[in-house]
Structure formats: structure tokens, C-alpha cells
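Quick one: the structure is below, questions incoming.
Labels for the chains are A, B, C and D, by order of writing; each one numbers its residues from 1.
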């Protein structure tokens, strides 16, 4: 029996071809983007190193957003520690220079609106030049307002942006790995907390548990904020952990702004057999920028240039 | 068909009462979503059984106005578009007049089965508001640019679908669907677009309005493309082409008579919509004329592709949705005219 | 401020007008349907009386199905005790002669395919003549294969048939009663157990709990069967009770084929304040008919005429 | 448009290679769903990366064949149509060729947003099977009678939509979409319908097939309505009307050339579909001709209402979906022909 294969990476049929926007040259050199060397992904990176990388991710988010003049600040900043740990703490296996390598672990950003943090992470890992971050949300950029697989950006496994869909896709990937290909790849998916009010999250949870997908780790960015307010005011979600437990997940609750707790959580997730894991990562929206911290009004706004300067001055070390 | 007979009788009469009406002028810019928001407040003031369901984007689709004014009749549903639609159905079956609004991509796609069965088949008196229509959404990109709703809603029996052309019409249309029995969908946009209709410009569900008379070609448009059509028509007038502009604010039920009259009198049609050219307004007009009076039509709209990030203007230009594109379509259809 | 009202009951715009199919006259008299007097709905009805009514409902289901030559046997038979208790044990308030009375309690059959049991119940309560049961699934019958509100059948509060939708509708009704009209009406909804794999069930659960809808009682017909097999093989649902608990419901687990347990459960549900109740009613599919009992293959089949005779002979007293 | 030019060159040539082909004869009856089921098995035997997702109705949509044969490549999803579609997307992005099938009402409506974003926008190689097409479902009634899918799928960029006419074509079409890259939707039915195509009848995605030649009128049909069209055409032939029958088995991308040729040569069109007349096949044909060659069309289909319970035959008759209805439509369109 044969395998019918098609080239699916990179797609790059993007909405109108290969003429990409140019990053602003002055800013590229101001931020030192042309001399940037990618960070290494290693379990040997210390917590301090990962924290530094998280801060650099945060700075890159601010820089991209202030240039874009639209986009989401709060969730991306709040979850930067999760991304730093995943991509630079030796948790995920990938090769930025061979981004579609068939034995890579995969990450799906179910909360598509949080893409600035993913783009910044990928750039810091060397998937594409950092300067490209400055084209975020511009006409024909590979950095779409919500991830578009049609743009062929290395590291973007799926288009997302309609909440509640990415987790189901990740479940399909994990099913493929564990039950069809029977390999040892792992799949990670991140959802917002507001996002888990979408029923597809619970359908996906049922399916993941039914098929014992222990190669799947779901991270819920529990920042208690969504667009219209605090999550418990907009739609009560507590107790989040109990919900996933009742859906037969192994649940780990941790401080999602604490690198060492996150490391331990991912390690534990990798050791669990027979059921998927959900990490309920308690974060603060806008973490690291004083005037954004824990304020839902920063869900979907970019900083002004003054605010960006202030933010960058806070996001040191 | 009856319509064809009506046509035979009226075909060479000029129908237009607007023929001598003053030109529409741009009177600032304002997004249609604000009209929706204000219309809801008017309804809320008038009727105590009007209630609104929030989908965690109340500030984007302007249900926030109603929420601020009538907090006790506003209910947050979180991010549950499918079930919010069902809850609306249950409220309607209890005698309420519920509005549920979110981005059009989710207001028509996340809950399509619910619209089909719990609204349309149930004939429940629910009003769905779909915001962020079309690519003029801008930077958010393809996932958030609703370009398919007109096809999806139009194919459902019992549904009424309105697409207002500017702020003021959006307000009138919102009030009109609130007072009309049955499941309705209203489509509105995020970005500021020209305001040009006046307080006395009529709006009636199911009735097209001729916004400019003309007999060489009829441009049938909906939503903010009506303004683009007017601009195109005024420019064409200067170039000696007499273009009629029809505001097809109700897509379902569609005003068959206005379409057939336009075809009979102008013998060439251009449709313009911020939507896929497949199965939307162009499709609806084509269906009517194929059955009543086959006529050359050119379609202005998005040509079966997804949108993308960019500034609204950039995108409208790239995707061919400007008055210039309408003019080219007119030139093309005039060549095909017999 | 005024209320804008429209006549919404009865709708009766049915798919092609008022010419209804005629029930088979011979069968009408064979079953004694022309002389039938409706059962009373009263808390004074003994458990035995309710059991007898449940058996009569079961017989009516068999009669309707064998005549229709298509339709669902298993779920309807298994849940007859729930319906008998709800409609005849004084649990629900309704007036069969004034079926759209504005102070009635309401019942929504989320598992629309189970309509034979609802139709049989309504007929036994006097909502419409029993003879009409024999028109089930026939062209232009008010007894559609799945409930259609457009047919105007008294007692049918909503069209259903697409699984997972009815509960959301019931939540909307309960919201209307408790939060807008502020009356003391109650809303009941029944879902299948396979049905709760639909994500809309969990969205509806979130919303019901968020808005403290203690006037809502959800009954899950936990028969462990769905079309393709046992629920735990098709899609693992256990622990059902824990799931609803984690979604902030008051949960009652009971034997759904035991009248006195059901009575107690409904009573308890009515006493709970501040949160909705979920009754996980453990039933057997096809209960009461030996050759159907607990067999998922009876989900969607009608009995043959021989099987119907056998079934009717078992369904006594 | 290029198509129109092609037409100008070919307009008076008779295109048909089928002109002298033998008549199609009925060869028993079998539901198209069985063709889907058998096609899946063929694919499963040929390719080890074909996988199937079950939606708790495997015995109705005949994915049970595959399940029995390849249990290790069959995955039960319970009753989760929306997420099953997403899981399929994830499988496709992993190099699998996943099929997910359920009733068409749920295969196109419960997961519309997922089809839009995770299949179409993602260009994921997923195949959706929608069973229980149309009112020939019978007793289950309106909720289960899918009449809207063609509009919903057709408006999505990147989608391919095929509607096979009989058992054998359903099998061929299933294999064809399995071997074709990209998101596809195949529509098939529950009830037995005439088998009439032969092993050597060509099936190609995107290509219409002329099943009977004729020059007075062209009947463009899809699904089991093709047989009804043939019956009508043979009867009309006896009555002196030469009717062409075109099997439009691919609704998207639609074979524009076949439509324009038919219009150019016959000058009158009837479309026939077991679907709403709104925005479906009739809509697609109207759109093409409005742009290329305006031509009178009559639509046979469900006229913007929901179905209901009854025997399939009773319903087909009541809703106007028989060969007799096609004949009346032909008579009507012939009168409109110029």
C-alpha cells in the first residue's frame, strides 16, 4: 500500500503573491534587528536566561504593535513566559532552519489573536528575520493580523483566529502522530481562558481523552480577562481545573508567569501516560508593563508611541 | 411569471420619482455599526421586550450602547456564538425580541445549524447582527473579514436579510427588523464609510430604492458599495453615460420588481457588493433575471478568494471594490449590451 | 414603555397547510383510542399509577412506530418513566386544553429523535386526540419525524432534531422567565447521553450557571447507548455527573426507570436555589421490551408487526 | 471574457461526442451513499494515509464499510461535527487524507466556521461527506433534509464540491476527491435512486458531462435529478423536443464552458437540483450566463421552504422534483426562448 503525498509546507499561496512589505529600515537598526543571533533552545538554559528571552519577546511584541498601530497587547505580553519556556527551555523539539521537518513537535495557537507573541518567539528562535516583525498586520505581510497558513510563514502550523478551533486541529495532529503514524512527536496548543467558553474546546477535550492522547499538552492562558471584562463577569469559568479533570485530563495548575513552575509543568506533562494534560497557567494580562497589567482593556489595543517607550523602558533584563 | 407581466406594462415608463430628487452628498463618515447600536437603543426605549445578548465584543458591534442604557435587559453570553443563537431562540419563543450580534464571520458561520433549525425552521423572532462585514475590516485579516454571509443566510427559508448602506440606514433598518416579525439578519461594517442618506430617505424591508435615475445601465448595490456606485454614476454622467443606482438594502426577500424594471429599462446591470461574487447579491440578481428577463450583468465583489491584513483602503483597491472598479464594470457591460 | 407582541402560538404554518393525514380507523378502534380519557397530572398520583401511565405511553410508542414503519424505539421506551413522572406526577404545570397558556411550565426535547415518547405523553395528557399518534411520520402529519414547531402541535415548544440545540433554547426560555419576566415558571429539557458530546451542551451549561438559572432542570437520559454502540466506546462520557458539577450545576444521579427516585429528584430540583439542576437519569434503552432492552441497535428502528405484538404483550400493567 | 470568445468560435459546432452514444438505461436502484462507502474502501486499499472519522452514524453514511475493513484507520468522534471537522484538518496538516461524513445538514451547517477557516482558508486536504441530501430522505423530516449545502459550500474559496448522480458515479467521485489535493465536499443521498451510468462513463472533477445531446433546450442537473432529466428528455424527444442533458457533477469549480456552450447552442436552460432553488446549481448557472451569455433559465428545485416527513416519492412529487416537473419547466422555458 502506498502513501499519497502532497507538498503541504510551505504553502505560501498568500493572498497576493510574493511581494512583501518592507520593514522600516531605521527601526530595524535602532532595535539592532540586523545583527540579531537566534537564541538556542536547550534544557540547559537557566531560568534567568529564559526570563531574559521572555523579556526580549515582550519588547519585540511592543515594537511590532506600535509599528502596526493595531493588534493585541495584553494576552501576548502575559503569555511570553510560557512561550519562552516552550521554545527555549528544551521543551519543544524543532529546527528553525528546517521548520517543516517531519519529526518536529508542533505548536498550535488556538487563541489566534495572540499571534504577536508567537511571531516574536519564532523570530527569536530564528525561524525568520526579526526585521520582519515590523511588517505585522501590513498589506501582504506574512505576519497577518491572525495567523494565515496561506502566507507560508515558518513555524505557523495552521491558520487560526476564530476562537475554539485550534485545539481541535491540535487534537487531529496528536491523533495522527499517536494513532496513525505512531511516532513520538508531541503537540502543544494554547487557548485563551475566555476562549474555553466555546463548546468546541469541550468537544476537543472529549476526543483527546477518548483517544488517550498523552502526546497532547493544552495550555490555558488563565489571565481572567477577555474583551468585555473579567472572565467571571463575562462568563463564569471557574473551576477551570475541575472542568478539565472531569473531561479526563491530567491537570496541572501553575503560575504562568513563573519560569520554573512552567518548566516543571511541561516536564510533568511529558511524563504522563494514557491521558492528555492541561496546564492551567495563571498569568496576568499585560504582564511586565505596569500600566497594562491585569487590565482587560489592553486585550486588543496597541500602545501609543509614548506608551511603547514607557513599556520598553520597563521591560529590561 | 407575474413579474414579467408587470414589466410588460411598465417597461417603457420611467418609474423614478427620484429622477428629480437632489443628489446624495457625502455628509461625513461613520461606520454602519454605529447605526446598529443607536437603532437598538431606540428599540429598547420603545419596547420593554427587546433584549440584547452580548458575545464578548459588545464594544465592537456597538451593543455596548444598549448595555449601558438597559443593563437589566442585556445578557452576556461569553464567547458562545452557537448557543447564544439558541438562547435567543428560547427568548423569542417566550415573547421577547432578542438581538444577538457578533462579527459576521461568526454570526453566520459559527451558528449556521442553529440559524437553520432554531431560528429559520422555528420561525423564531430573533435578530442577528453581523458586524465586521467585508474586507474593509482591515488589519485583523481574513478570518475576521466576513464575505460569505449573504449566501449562507439567503439560502435559508424564512430568513430576512438586510444590508444597510450607511449609518442612518443602518439605524432605520435595525428599528425596522426589530418591529418586523420573524428571524432577521442585519449586516454592518467596522470602518467609517460615507454617510449620505437623509432622514427622509425611505427604508422598507423588501423594497429597493432608486438612489439615482438613469437608463443606460443600472448599478445594483448594497452596503457601503452603494456610495461607490453613486460616485461612479455621477462620474459616468459627466462622461455621458446615464447610470441608475439602486440600493438593494434587502437581500432577502429580494425586490424582484425593481430588478426586472431596471433590466427592462437599462438592459445592462452591474452588481456591487463587499462579499464574494459567488451566491451573494450578484447571484440573487442573476437568478431573478435568468427567470424573468435575461440581461448582461457584471459583478463587482471579491472574486472567490479570502481577504487579508492591510489598511481598509488598500484592501478595497486591491480587491477591486472601488467606484473605479464599478466604472470599469459599467464600461464592460455596456459593450455587451444589445 | 410598550411590549411589542406577535401571536407565536400556535404557528401551524406547517409545510403544506391544514390537510392532515387520517389515522387508520380500524386501529383507532382496536386500540380503543376513540374512547380514551386523558390522565390527570397530580402529585397525588401514586407511583403505581405513574408506572401504569408509563406503560401506556410505551404501548402508544410501539403502536405509533409499527404504523409509521420508521422511527426511534429505544430512547423513547427507555425514558417513558421520566415523561410519566414529569407530566403526570404533578411536576410540570400545564393545561392541555389551553396548551399555550402564558403561565405554563415548558418542556424542550433536546433529543428530538426521541419525539415518539413526547407525542405519546402529550396525547395521554389530552393535548390532542390519541388517534393522531397513528399519523406519526406521515406526509403532512403534525407528528413529524422530528418535532416541527411549524406544525402547531399543542405541547411542542420548539423544533428540534439537530442534537445539542434544544438545551440552549431551554436556557433562553429560563433566562426569559427568571431574568426578564421574573415569573416563577420552570423549564425542563431532556437530552440524550450521546447528545452531550455536542459542545453546545457545555456552552448552554456555562450560560445557565452564569445566570443562576435555578428554574431550569436538565435531564440527561443516561442509557449508555447511541447509534454506533455503547457511549463509552463511541465517545467516552464518564463521569457525567462530575462534568455538570464542574460546570456549576446541582447534580442528582438517579435510576431513571424508577418512578419514586425520579419524583424525589424532580422535587429536589425544584428546591435548589441559585443554580440549575442536572438529573442524570440512568435508564435502559428499550426498557420494558425484553428484546430491545439495553441494546443500542434499537436506537432508530421501529418494531416489525410481530415484534410489536410481542412488545405490547410484555408492556402490561 | 475568454469563455465568451471560445464560445464565439464554437457556437454553431455540435460539440457532442455523446451524440451517438447509447441511451442511458436504468440498471436497478441503489442509493449514492453506497458508492461513497465503496469508494472509501478502494481508497483505503490503495493509500495507507487515508483515514476516516465517524460521527455516530457510520451505518447511515456507509463509513461502516471502511470501519469494518480498516478499523485501525477509523476514528470515532462521537457526535461532535464541528470538532470532527477540526480534527480532520489536523490530520490533513499531518499528511493524512481524512474523510469525515455525517448528514449533510450537519456536515455543512454545524461546522461552517470550521470549513471556512480550518479547511478552506487553511487549504487543508480534508474530504467532507454530506449524506441525506434533499427531501428524498423521507420520514425523518425537515431537520434532516439537507437543502442548503450547495450554497454554503459554494461560497467558500478553495472548496471543491461534487454531487454525483448515481451509485457508480458516487464511487468514482469519492475516489477522485481522495486523490485530488484540497478541501472537498461530496453530497450523497439516503434513498435508492436509479443506477444508470456505466463503468466507462467519464467522471472528472470540474468537467460537466453531456449525457444526452439535444439543441432545443439544455437541462443542467446534478445528483439524482440527472436521471429525472434524462427521463424528461427522452419523453420530450418523443414529443419532438430535442433536449440536451448535462450532468453537472462538480458544482465548484463549475464547468463554465459547458454552460456557455449549452446556452449558445440551445438558447434555453432548465436547471434541476434536489436543493433550494436559491444560490445552488440554478444560482451558479445563472451567474455564469449573466456574465457570459444571458439566457432564459427555469429552475427545478425546492422553492425556498423546508421539507417535511413523508415517503420519498410523495415528497419529491409534492415539492416538484420529478421528471414531470422538469418537462413543465422545459415547456415554460421554450416559450420564453427568442
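Here are some notes:
In this section, contacts are C-beta pairs under 8 Å (C-beta built on N, C-alpha and C of every residue); 3 or more make two chains touch, one makes a residue touch a chain.
Quick caveat: nothing in here was measured; it's all calculated off a predicted structure.
Any chain bridging subunit B and subunit C, meaning touching each of them, is among A, D; the list is complete. Centroid distances from subunit A, each centroid being the mean of CA atoms, peak for C. With each centre defined as the average position of its C-alpha atoms, the distance from subunit B to subunit D rounds to 30 Å. Put simply, the C-alpha centre of subunit C and that of subunit D have 37 angstrom between them. Rounded to a whole number, the gap between the C-alpha centres of subunit A and subunit C is 45 angstrom. Within subunit C, residues 148, 150, 159-162, 197-200, 203, 206-207, 210, 235 each touch two or more of the remaining chains.
In subunit D, the residues touching two or more other chains are 76-78, 80, 82-83, 105-106, 110, 113, 116-117, 121, 142-143, 305-306. Within the complex formed with subunit B, the residues of subunit C that make contact are 1-6, 8, 11, 13, 108, 148-150, 157-162, 165, 167-177, 179-181, 199-200, 203-204, 206-207, 210-211.
Within the complex, the subunit D residues that touch subunit C are 54, 56-60, 76-80, 82-83, 105-106, 110, 138-144, 305-311, 314-315, 318. Subunit D makes touch with subunit B in their complex at residues 105-106, 108-110, 112-113, 116-117, 120-121, 142-143, 148, 151-152, 154-158, 269, 276-280, 282-287, 289-291, 294-299, 304-306. Every residue of subunit A that touches subunit C in the complex is listed here, in rising order: 197-203, 206-207, 209-210, 235-237, 239, 242-243, 245-248. Taken together, the subunit C residues at the contact with subunit D in this complex read 14-16, 68, 70-71, 112, 137-141, 144-146, 148, 150, 159-164, 194-195, 197-199, 226-228, 233-235.
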